[in-house]
Amino acid sequence: MNEFVYKLDDMGYAYRGPVSSFSLELESLRVGPGEILALVGPNGAGKTTLLMLLAFLARPGRGRLEFLGGDPWANEASVVRARRDAVLVTHHPYLFKGTVADNLSFGLRLRNIPEAEWPARLRSALALVELEGWEKKSVLGLSAGQAQRVALARALALRPRVLLLDEPTANIDAGLGLRMEAVLREVSRESGTTVVFSTHNFSQASRLADDILYLSDGRRVEFSHENCFSGTAATDGRRSWIEPRPGVRIFFPGETRGHVTCVINPADIRLFAAGEAAEPSPGRNVFGGRVTRMETTDAATALVRASGSLTFRIALPVAELEAKGISLSRDVLLRFEPESVKIVGPRTPGNPRD
Amino acid sequence: MNEFVYKLDDMGYAYRGPVSSFSLELESLRVGPGEILALVGPNGAGKTTLLMLLAFLARPGRGRLEFLGGDPWANEASVVRARRDAVLVTHHPYLFKGTVADNLSFGLRLRNIPEAEWPARLRSALALVELEGWEKKSVLGLSAGQAQRVALARALALRPRVLLLDEPTANIDAGLGLRMEAVLREVSRESGTTVVFSTHNFSQASRLADDILYLSDGRRVEFSHENCFSGTAATDGRRSWIEPRPGVRIFFPGETRGHVTCVINPADIRLFAAGEAAEPSPGRNVFGGRVTRMETTDAATALVRASGSLTFRIALPVAELEAKGISLSRDVLLRFEPESVKIVGPRTPGNPRD
Amino acid sequence: NGDTYRRDMSLRCMSPISPISERSLMLATTTSVDATGLLDVLADAFKKDTGIALKWIAVGTGAALKQARDGNADVVIVHAKKLEDEFLRDGYGVNRRVIARNYFMIVGPVDDPAHAAGSSSAAEALGRVKSSGVPFVSRGDKSGTHTRELDLWALASGKPETAYLETGQGMAETLRIAAERRGYTLTDTATFYGLQGLTGLKPVYENAPELENIYSVIAVNPARIPTARYGEAMAFIAFLTSPYGQQLIGEFRGKSGRPLFEPMAATPGVDLVK
Amino acid sequence: MIFRELALAIWVSLKTSGLAALIASAIAVPAALFLAGRDFRGKRLVLLINQTWMAAPTVVIGLLFYSLLSRSGPFGGLGLLYTQAAMTVGQVFLILPLIVGFSYTALRQVDKRARLTALALGATPRQAGWVVLREAKYALLIAVLAGFARAISEVGIAMMLGGNIRNATRNITTSIALETAKGEFRNGIVLGAVLLVITLGINLLVQTGLRGKDKD
Amino acid sequence: MIFRELALAIWVSLKTSGLAALIASAIAVPAALFLAGRDFRGKRLVLLINQTWMAAPTVVIGLLFYSLLSRSGPFGGLGLLYTQAAMTVGQVFLILPLIVGFSYTALRQVDKRARLTALALGATPRQAGWVVLREAKYALLIAVLAGFARAISEVGIAMMLGGNIRNATRNITTSIALETAKGEFRNGIVLGAVLLVITLGINLLVQTGLRGKDKD
């Protein structure tokens, strides 16, 4: 087996035409066999674009994209072979006219899988998305979530080496969404399937993924798009800041002009029970808030959401929570250094860079 | 002003044709002015269908649907008038060919709003979805979330009396999703806009909504689709149960046959720190788990997610949490009476009812 | 048996080269001979007589001669002396024989608003039409009829300035337009009497020698067009000019029940003067 | 053929067929919108009839209208036979099913959500119809131009109902037929080329005009 | 007209035009798939030419092929003039742009995601093309049938290239033209009706056959 499933180096992709000036640039990305990678980032970050590239439905404009040790774009046959190994479920999936079974067997036929095997494959794939017995249903008049689940089953039935999923649980009901996560974990563990999925659900990403790729404006960023704020940069000479809400300032080092977006790594924010630490003071990033959510990821890290004038997400070890006396509904203070604030680029096309 | 915006009595709607046997039946529903109502339920519950009815894009087959004290379906003019008052943003929105501004001004033109007002309206609507300055962009090549936001802005620009939103934040990034919630709260509070939205995000529903309508299989159910489990019913004469996972039984009173779905009201589940209460015993619904998430809703209620062999969501007053010593990552036991288990109907078409 | 016939037909017509087993002949002809149904009679008899299948395209004198020049016909039946002479002079045609005649006549509305009836000559009749201001409908298609009409107008010192409709169509269509527009026109008798459902027109000047309409047959010159089936063409000419062929032409009656063509091949010296 | 006559023939062709295309479109496009918008009993029959109608030969349509418009026919009193108006009427009848069929296919292409979205935003059914038309603008243009092309290239109706009367109802195609009958094949081909160049020009004009800068 | 001759004319019409529709579709549908699938420089020009081509009168196409197939022309040696094969060739040329235009509109109607989804599931470009065709099946059927209708109803090409030779190349429309020339209008209209009934039958047959039970 190859060391990596995907090996991207210095890859670039840009949409042509005057419509958009977006480009995706990835210096390096490695995805190993059986790995689960989550793509997280704000709208327009390039998640869907990257998934299209990983599914070989778009061709990199620049740089190297290796798949299972070879160049998928070497010739026509190699692209098709690569696509058969890496199956994408798009965000708003298209179902072919006909029945659910027609849709599920489409890929099986392409792969010359004997028809005798189909019923069993269909049954087990539909069971995974909890649509047992839906084979003969027409795809007309499926609800949004049902359609998404049929599309998921259509990919699962193929048992591909790589599953690429664009917001796979966005329209699936919460309980079932968790079940789907379990299913993905299972195929990854048992069949060694590599999974790359995009999500806006940060906790889903941390629950499910071995690794998270944060994207913003087509670039890899070091941390989550959580704690991501936009505003017009201002400066008083010593410090620069943006005001995401009137009167609320986030300070950062250096000077920047124009409309910018910044992110703060959830692990860089320190959290205190109210009264324990200093009050807000000028030039320092100190905010008050109230804990509205706490959850654990697989990694014994707690994620805390604190809402005040702004809503922040803070990551800290579970053990620290009790030590600091932080619990649900408590008033808290949180603090981070201006140096922890990373400017990641513009969000709107009003910006000079665009 | 009218007492109610929507007043539904004994309303029924069924899709025609052999494709589906789904029907939506609502005995009674009242939505008051300025109210925010969330529609929650599993895939195929009928949320989208109900929104279509509330937007007057589908006509009830039976029963009464009153809007602002009148019959919206009285004549052609009344339907159009009603539709202008209640604007729907569909789940996967359609954008008209052209620019963002073309899309936003479409409804303004229909309402004969003077063109001089348009730029200001567009600007403020786009600001609400954080797409300032996007007026001249073509809608071709928008990302999924960007498109959804443009559609949202298109509705917001009209300042309608009722906003109907089908999974409005499903494809919007997390931080912005919270902002959107704030926007909706604001239009509801400041302009008295009534908002009806569907969501799979139960915490969003409880955060945002004054009232939640739980739907399952086209019927109103008393509680969330959270804690919703399916399996084949079995009985030993005294008790009946289903096995959602092998070896894991949920008991309920009475006898039922076939594949069923049951739900347990999050408020009916009692929660104990581990060791405090009795161990699992046959015939009683007792489960062990670990707290993986805690959050507060507006109503000083805490929602706790506990994951063990099954994942449950429990609702209890915030105060009780500390009293009971329940915190994140703690092992807990949870218990509920068989009588709290409600059978809500089948989930798959393999079922005799379908 | 219809089936084998059809199979045979389809094979023959779709294959580029016709089987040699059946001799056939391609005739390009002026429309009136075909539209009256005369050719159907002649073709059947010719087939019986010689075993040669006659195929024809009915396109009008001008187009018929053009088709022959292009090598797409082996023999032509036409009725425009000037064009025929040109055809012969250019070396495309040989062995022209006059086979039949009928007459042109001037027809007009039944109430004869120009009082053309009773004229002593065609030129006089046309002159009356012209001075009455009643429209005259001309084929205007350089056909035999049209050429003759122009000759007659020349005798009547020119055609009308305005009340002169050129249809650019065949005789049948032109007659119909004349009927609709209550105008006069020059027609051959065969078409006039053969045309179904034509009402409102009557002959106002007819049976005059200056209105004679001569039909002739010309073989395509094999020296000029090597693919031309000269033997079959000559067989056809022989057949048409034979007493039997002439008899068939003379006895032919269209739907109207009148004789439409007068056999001419046996008329002494006809090929020299007509 | 002298230049003035050629110019006149071109003008007759453009006028009668252009008018026919406009009138037929005004009937066919709304009809197609109606058909594309809903599914009703008998819709397949309507489509079937439309499809069959496309096979009506020009001569037959010519005959039909001839029997209606001729002096002995029910509308003989109008004196329409052998006028440009008669040509237009016949051509409208000829190209109707083509434009209906084309537009129907074009309108089915519009996302069903377009109409629904328009209605949801408060459009009247008529306004929603306009939205659907606008979304299929380019394909509809092709439909209308195909109808125009069919009308301007047909000869049977122009011949039977127009009469190919010189300086009155003679258009390009009847001129071609006349030249062909005369054996002047070269003239026929030259006239055909003229017709195609004119159609090319019209297509170019209409397409660039109506399409403007937006992408298809 | 005797029955045997009528039957033969029907047979000639069906055979030549049916064949023409099949051949033209085999060329036009892939071409339309190619055009609909991608945007390239010069595509608008191709569409423009196609659109213009639709305006080619049958007589002109007849003249063109006449000059090619005539004994004195470059392909005269084939002896194709005045055969059913020549009629079919001419009709193919006639209906090509119609089927291209129709199919193009039909294929644009297919959701762009259909092709992408097929590719994502591992289809070769050719297989993805088939998927797109299948999704537009019914609209393509209409396109092909429209082409057939156009071919079976045309008379200029059949007349010029077939020659309307009795018992050989005489089809329904040239029969109609002949009857009309004879003034037998009633026969013309009856023949027209026969033509329409036949087309109706074919449409019914093909549509129910290929459509099966699935909804459009």
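For clarity, chains are labelled A, B, C, D and E in written order, and residue numbers in each chain start from 1.
To be clear about the criterion, a contact is a pair of C-beta atoms (placed from the backbone, for glycine too) under 8 Å apart; a residue touches a chain by one contact, two chains touch by 3 or more.
Fair warning: this is a prediction, and the values are worked out from it, not measured in the lab.
With contact taken as defined at the outset, chain D and chain E are each touched by C. Farthest chain from chain A, judged by C-alpha centroids: C. Centre-to-centre separation between chain A and chain B, using Cα means, comes to 23 Å.
Between chain C and chain E, the centres computed from C-alpha atoms are 35 Å apart.
Work out the mean CA point of chain A and of chain D, and you get 54 Å between them. Chain contacts: chain B has residues 92, 140 touching two or more partner chains.
Multi-chain contact residues, meaning those touching two or more other chains, occur in chain E at positions 66, 180, 185. Of all residues in chain C, those that touch two or more other chains are 170, 173. Chains touching one another, given as pairs, are A-B, A-E, B-D, C-D, C-E, D-E. If you check the complex, the residues on chain C that touch chain D are 59-60, 62-67, 140-143, 165-170, 173, 177, 179-181, 199-200. For chain E in complex with chain C, the touching residues are 4, 7-8, 11, 15, 66, 70-73, 76, 78-85, 163-169, 178, 180-185. For chain D in complex with chain E, the residues that touch the partner chain are 44, 47-48, 51-60, 63-64, 66-67, 98, 101-102, 104-106, 108-109, 139, 142-143, 145-146, 148-150, 152-156, 160, 172-173, 176-177, 180, 185, 188-189, 191-192, 195-196, 199-200, 203-204, 207. Taken in their complex, chain D has these residues touching chain B: 111, 113-114, 116-125, 127, 131, 134-135, 214-215. Those residues of chain B lying in contact with chain A across their complex are 15, 17, 19-20, 41-45, 48, 91-92, 130-134, 137-138, 140-146, 149, 166-167, 170-178, 200-203, 225-228, 230, 291-296, 300, 302, 305, 311, 318, 321-322, 327-329, 347-350.
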